[in-house]
Amino acid sequence: MDIVILSILLVVEASAVAAARVMRLWLRTLRGSSYLAALVFIITFLARTLTGADFFDAIGYAIVYTFRLVVFLTSFSLFFLTTTPEEIALTMSKARIPYEYIFAFVSAVRFTPVVADEMRTIMDAQRSRGLELDRGPFTARLRRMIPILIPLLVNVLRRSYELAEAMEVKCFGATKKRTYLKDLNPKTSDYLILAGSVGLFTITIYMRINGYMPFEAITGIRLVSGM
Amino acid sequence: MKIIEIKDLSFTYLGQSRPSLKNVNLEIGPGEFILVSGPSGGGKSTLCRCINGLIPHFYEGKLSGEVIVDGLSTKDTPTYILSQHVGMVFQNPQNQLFSLSVENDIAFALENLALPREEISSRVSEALKLMNLRELADRSPLELSGGQQQKVALASILALRPKVIMLDEPTSFLDPASAQQLINTVDEIRKNLGLTILMVEHRVDMIAPRATRMIVVHEGGVIYDGSPREFYERYDSHLYGVSTPKLARLSYELGRRIEGWPGVFLDIDGFERAVREFASHRIR
Amino acid sequence: MPVIEFDRVSYTYPSGVKALKDVSFTVEKGEIVVLMGENGSGKTTILKHLNGLLKPTSGRLYVDGLDTSKSTVAQLSAKVGLVFQNAENMFFESTVWDEVAFALRNFGFGEDVVRRRVDWALKFFDLNGYASQSPFTLSGGEKKRLAFAIVLAWSPAIIALDEPTIGQDSLQKEKMLHMVKLLNTQGHTILLASHDVEFVAELRPRIILVSSGKITADGPCEEILSDLEILRKCSIVPPQLVLVMDRLRDLGLSRKILDVPEAVKAISEVIGHKHI
């Protein structure tokens, strides 16, 4: 039963992904999560086997567990693939989160690529001084990160100072309540999806409470509780 | 009516023993295009920060004297009010843009001031139009070139509608073509909007032809305040860490050898006219 | 045998951007060569190939006899000292002395050699007063000198500089010019990337113009910097004197004048006064 539900969910996700035209990126997430999925599968299988379940049972259990994880991860990726950081920031402001936190979030998104770029430049500069970053035992390589991390930190600190100056000049913190250029207005489709999600959630809880067995192996062998 | 009045300004940064500015006196009228030059560490940036209130509100230290901008005293007026009279564009294009889109960056200061949305929207539109950035409105600053980023920075300051704009070495990280473009844009905006411009720069050859006035800050003091042309006539620019355009040196040397030569030129047009006049006299 | 040989080098970044397309040129020992072109034309990419930070996706690059695709960055850095734009991106030691010693230790020199070389480099660049200070306490100009000292310490045969005059005032640029010329007279081969046309004009080097990953011109300074057409194609602003001479070319003045004394002489003659 579970498998059926999970499959339906995956299909719903996939159609949303197709509608949003992010299929290729989403499939990449699917591929990326396969390592974690394999790990979870093995662990779940072993855990089940070692606590007394028989082979098929354990396999079924593991499959469902892994499947559930994959659906979970991919739905997260669907969110991030279809929502821009700007929309997230606007949602945060609608949720009345204090501006300092929103600003911190936007700054993080804004400057992470810049810092990543700087890190590459620093690595190039230190490599040019004979620093070996690509070979050697792990612990040695870790220590060799110091000539990378210190200049990076110094740059980050200097940048914060320059940013603070620019913020001051642009009246940051001048008023307690801030206004926004853009606004997020919920549309009918938003309300429908919200209602649909809440509805599905209620149904699942109902099903659970009313005793539908959560784990049924593919082969139909039931795990009899209390045996 | 002077738009900036500086009287006996001295400033020493907290923790420093020597003052960065010593007894500076300046008066700046509306509509001027002022080139501020001098060696690195000489006090140019400190002077700018005294004008927009970063000194004393953001930087600690000992400040004496008075700075009055558009009728407001910088000591007694908070920076968010001063920023609506004096704007500043910084050297590093990357480190003055905060948002994820050009539009949002231009709106940033206005949002901070809690202006009503319609006002923000119309000012952003205005700034985009002035700086010719309409097509880039939705782009992320990460995708822009250095020159484009500086234009966005300038647009975001214009949105505050200040009467004075200061630019602290805005072309340092730009290649010469983008630098010239930025300088041309700044001059155009100055003329169209009647703004006062203070540009701190080393690229004298690009700005001197357009600047109405040149101020040289050296070791904390203003050692020259007048027309750019006269500076090169009377002073050894080399001594004061000010770069000398080749044309200035050329016309200066010609002045020493040729009788009646009109002196130093900073613009090619004027120089060309002078040479042709002398050449035609020779034929006669 | 040339000390640098680019043989139909092409380079494509992992992102897919084709930064270099079939680049071929050689540099002889002791030359000063300047790469010019707008931002993104490929100058920095070329410099990064010299010490192996980047390896050609096709074609071959030989540096002092070594094939870069078969050598490590460490091996190539022994021959090529690359000085990046932002010197501060490499400081991390607690003293200036250690900062200069870092590379030497990485290259495996013995401690006594290290000591000798560091002392020499600091002295040469006028930094021994700062030996026990933190590199972060130095002024902008001093930091630039330290970046040079760091690279010169192991005396590489080839020195590569990426935009050495960015953000500097006229006095600092003059010192930089003097330093580059001095290093060249001492026998180092110099390859530098710059868009500062006036600085380059004073150096009188061989110029290679780079545009969209290709070499569009290669020749002596006087030829390239007076060729207005090709400079325009590469979005390079010509030196001021060249522009001036171009305006007056109908009076018989040559565009190939790059320094003031020559210009004074030429114009004086045209105006009819004998040059004093």
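Letters A, B and C name the chains as they come in the text, with residue numbers starting at 1 for each one.
Here is the rule we go by: contacts are C-beta pairs under 8 Å (C-beta built on N, C-alpha and C of every residue); 3 or more make two chains touch, one makes a residue touch a chain.
Being a predicted model, the structure only gives us computed values, none of them experimental.
Visitor: What pattern do the touching chains form: line, ring, star, complete or other?
Guide: Shape of the chain contacts: complete, all pairs touching.
Visitor: If you tally contacting C-beta pairs, which comes out ahead, A-B or A-C? Let me know.
Guide: A-B
Visitor: Per the centroid of Cα atoms for each chain, what is the distance between subunit B and subunit C, given in Å?
Guide: From the centre of subunit B to the centre of subunit C is 30 Å.
Visitor: Could you put a whole-Å number on the gap between the CA centroids of subunit A and subunit B?
Guide: Taking the mean C-alpha position of each chain, the two centres sit 46 Å apart.
Visitor: Taking the touch rule as given, give the residues of subunit A at its contact with subunit B in the complex, in rising order.
Guide: Residues 84-86, 89, 103, 106-107, 109-110, 113-114, 159, 162-175, 177-183 of subunit A touch subunit B in their complex.
Visitor: Under the definition above, what is the set of subunit B residues touching subunit C in their complex?
Guide: Going by the criterion above, the answer is residues 38-41, 91, 145-146, 169, 172-173, 175-178, 180, 202, 205, 237-238, 241-247, 249-250, 253-254, 257-258, 268, 271-272, 275-276, 278-279, 281-282.
Visitor: Using the touch definition from the top, list the residues of subunit A that touch subunit C in their complex.
Guide: For this pair, the touching residues of subunit A are 118, 121-122, 124-132, 146-147, 150-151, 154-155.
Visitor: Using the touch rule from the top, collect the residues of subunit C that touch subunit A in their complex.
Guide: So the residues of subunit C in touch with subunit A come to 48, 51, 53, 73-74, 77-78, 81-82, 84, 86, 88-92, 102-103, 106-107, 136, 150.
Visitor: Can you list the subunit B residues touching subunit A in their complex?
Guide: 52, 54, 57-58, 78-80, 83-84, 87-88, 90, 92, 94-101, 103-104, 107-117, 120-121, 124, 141-142, 156-157, 160
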